[in-house]
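All chains are identified by letter, namely A, B, C and D, in their written order; residue positions are counted from 1 within each chain.
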Amino acid sequence: MRAAGRRVGAARGKIIPVSMHGELPRPDDWPNEPWRNSPQPNSGGWMGPAELDAIRHQVPLVYVDAIPVRTDNSGDVTAVGLLLRMGERGLTRSIVSGRVLYHERVRDALLRHIEKDLGPVALPQIPASPQPFTVAEYLPTPGITPFHDPRQHAVSLAYVVPVTGDCQPQQDALEIAWLTPEEACGDAAAAEFVGGQGALVRQAMAWIGRFG
Amino acid sequence: MRAAGRRVGAARGKIIPVSMHGELPRPDDWPNEPWRNSPQPNSGGWMGPAELDAIRHQVPLVYVDAIPVRTDNSGDVTAVGLLLRMGERGLTRSIVSGRVLYHERVRDALLRHIEKDLGPVALPQIPASPQPFTVAEYLPTPGITPFHDPRQHAVSLAYVVPVTGDCQPQQDALEIAWLTPEEACGDAAAAEFVGGQGALVRQAMAWIGRFG
Amino acid sequence: MRAAGRRVGAARGKIIPVSMHGELPRPDDWPNEPWRNSPQPNSGGWMGPAELDAIRHQVPLVYVDAIPVRTDNSGDVTAVGLLLRMGERGLTRSIVSGRVLYHERVRDALLRHIEKDLGPVALPQIPASPQPFTVAEYLPTPGITPFHDPRQHAVSLAYVVPVTGDCQPQQDALEIAWLTPEEACGDAAAAEFVGGQGALVRQAMAWIGRFG
Amino acid sequence: MRAAGRRVGAARGKIIPVSMHGELPRPDDWPNEPWRNSPQPNSGGWMGPAELDAIRHQVPLVYVDAIPVRTDNSGDVTAVGLLLRMGERGLTRSIVSGRVLYHERVRDALLRHIEKDLGPVALPQIPASPQPFTVAEYLPTPGITPFHDPRQHAVSLAYVVPVTGDCQPQQDALEIAWLTPEEACGDAAAAEFVGGQGALVRQAMAWIGRFG
């Protein structure tokens, strides 16, 4: 059974408050972690937005992308969950995406971001293997890869994650729309993604063998 | 929710009786399948053991191998399920393994063999993607690959499959032992496998990042 | 350096005559193979077309599919090689595809079929790992999977294979056309494939990150 | 043919001087890159060692790990290349490993680090797909994953890379030793790795199907 109190990083049995940005927990949130007492200065230290902004232009950041799906008994995907948000340029679709924190395992980042976007009872089946189906390289310059992020260079490990529980839009999301794999690959959906995430959804659908 | 009546192949909503060998359902089990009326003679026709034995020496057979695991909320594997059987050479460990039938999808074969070996309420999470973590080539001549099957040449698609339900040994299995990934890779366990399945378990543990 | 005389299966340093169908070498072609003397009756025995036709309706056959590509120094795909053939229904495009023989390793089958279709100096870089990018299930009934083969049920391990040498159309192929990944995924190309191979090319391009 | 002048990132036809650390090219090395004129302040700006040290304790860094191998015509691995270095704790073995720079593609980082460690004529076959065989998470705290780096948290995309040219030890490496897959997985070799790279070599060998 899954416990109601979810963990982030290596902190077991403790609910970690996650900020609006899902990116900036303070070190006091993990008072008992062994790495808190490691000899490195500023180990996992809290960063302010300005500090992170500076880093965004100096090194690529590690991200995870998750495409939430519903599957039947045979593992066949029946629906793909896409978030609908109101942005500056109107309604946009997106997948679950977010940064991996200092000292956080990839699988814990995946769980944290899915729960941040789909709610605490989405019950995701985080993959047993760290092998992603692809690596999406979001560059600040468009055209070098299919992916683009004007803010930063992000290297994102992409996973298809079946969810079995109840999914509710969180924070700034208006809705979670469940499309068939074919609809999710269609041109209508593709026009509503930004940064190349439509291409990533198509790559995911190709990987599961449901390319339209 | 998962229905109690499980399906094999494309037959939905119908419980298919599976023989002792899990390999020889008769065509009458699928009276309404469209391919029943296909123009090919003997399409999906029932084979007797002698017929299958002849084929075993003429073409490689398609198999699936499944390594059942328990995972935590983050997808980390906590235990590996190994079947314990009494064979001619004493107690042996094995993983879930079996043939893909004519006109059966790989994912349906995977589900069928897991339920045949672990029982009807094992609730396996069949992978969304057909990409296996490896392909195990069991040859009748030892030493060409790490895998060996004196009866036949089998090309087996290997998957790690999390199970969330209750697993009970079926048919000729005495027990399902749940080992840690490190125990499952250990020399003690390795000595009890046959045909190279110990190497396959190690490959699976390496793929999930838990190589001992 | 690669020898001019190519091998099939484990037969080194010997040119194996391959029939028009690329599927039916006779056992006499491998007089020195150890498995020739194995105790199994009919081990790897020669099959006539009628015998293979019967098997085609009884078990799924193991196939390999290869998408030949040209890459630059960074491994980025610059061109995809598609075979152009004149068939009953006019010109069709296809990828390299063929059966895995009894007692033949998957990697040897891959090499054999690439050389059969692209010529003996194509110099393919056969993947080091047996993990395919997908498994294509060609069923005799259309609509169950994206792949269809009216003759048989084939389970095909699909690989992207860079080729560095000179490729010449063999046998019944008229031409090898080199398209960009985007062209190979386009609707114009898609219309010229049969059996769903256009979907497989798109899956391959998605896997290499060049989905248009 | 491969040009003698190698590129880094998107800079074609230009030899980029790489520093001793292989990590700190100055932006003046890419005077014509479009992202040089992007509006972000400090875009891809040069970092001094102190600046990078600070970042090492704030975010995970993106790395690539490459296991160089020799393969035969069928893609089967015949030898694994391991670097021998003299470190503080005596002789150590290592694989090719290094950081992905701001605005550098993963495949270009892979090429750059392989040439940095194996020399300019190693002729690596960089994989066509960005899908790594695993993701190695090097944490500053030992025991959380199999990988450990006291300096930083690195998330490393791991690839097996066949090399076809001449490999010569560079910089501080004494030798490149070519071991069989079985030797590379052995306990003798394992004792000479640091940071868990021995486990990564075993994972690589398991992935190619040559787990000892």
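One rule holds for everything that comes next: a contact is a pair of C-beta atoms (placed from the backbone, for glycine too) under 8 Å apart; a residue touches a chain by one contact, two chains touch by 3 or more.
Values in this document were obtained by computation on a predicted structure and should not be read as measured data.
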Chain D and chain B - chains in contact with each: A, C
Chain pair with the higher count of C-beta pairs in contact (A-C, C-D): C-D
Greatest separation from chain B - chain, by CA centre: D
Between chain D and chain A, distance of the C-alpha-averaged centres to the nearest whole Å: 26
Approximate Å spacing (C-alpha centroids) for the pair chain C, chain D: 33
Averaged-CA centre spacing for the pair chain C and chain A, given as whole angstrom: 37
Contacts with 2+ other chains: residues of chain A: 105, 129-131, 133-135, 145, 207, 209
Chain B residues within the chain D interface of the complex: 134-135, 145-146, 199, 202-203, 206-207, 209-211
Interface residues, chain B side, partner chain A - complex: 2-3, 6-7, 69, 71, 73-77, 105, 107-108, 110-111, 125-131, 133, 160, 162, 207-209
Residues of chain C defined as touching chain B within the complex: 10, 34-35, 38, 40-45, 47, 51-52, 54-55, 57-62, 99-106, 129-135, 137, 139-141, 144-145, 153, 155, 157
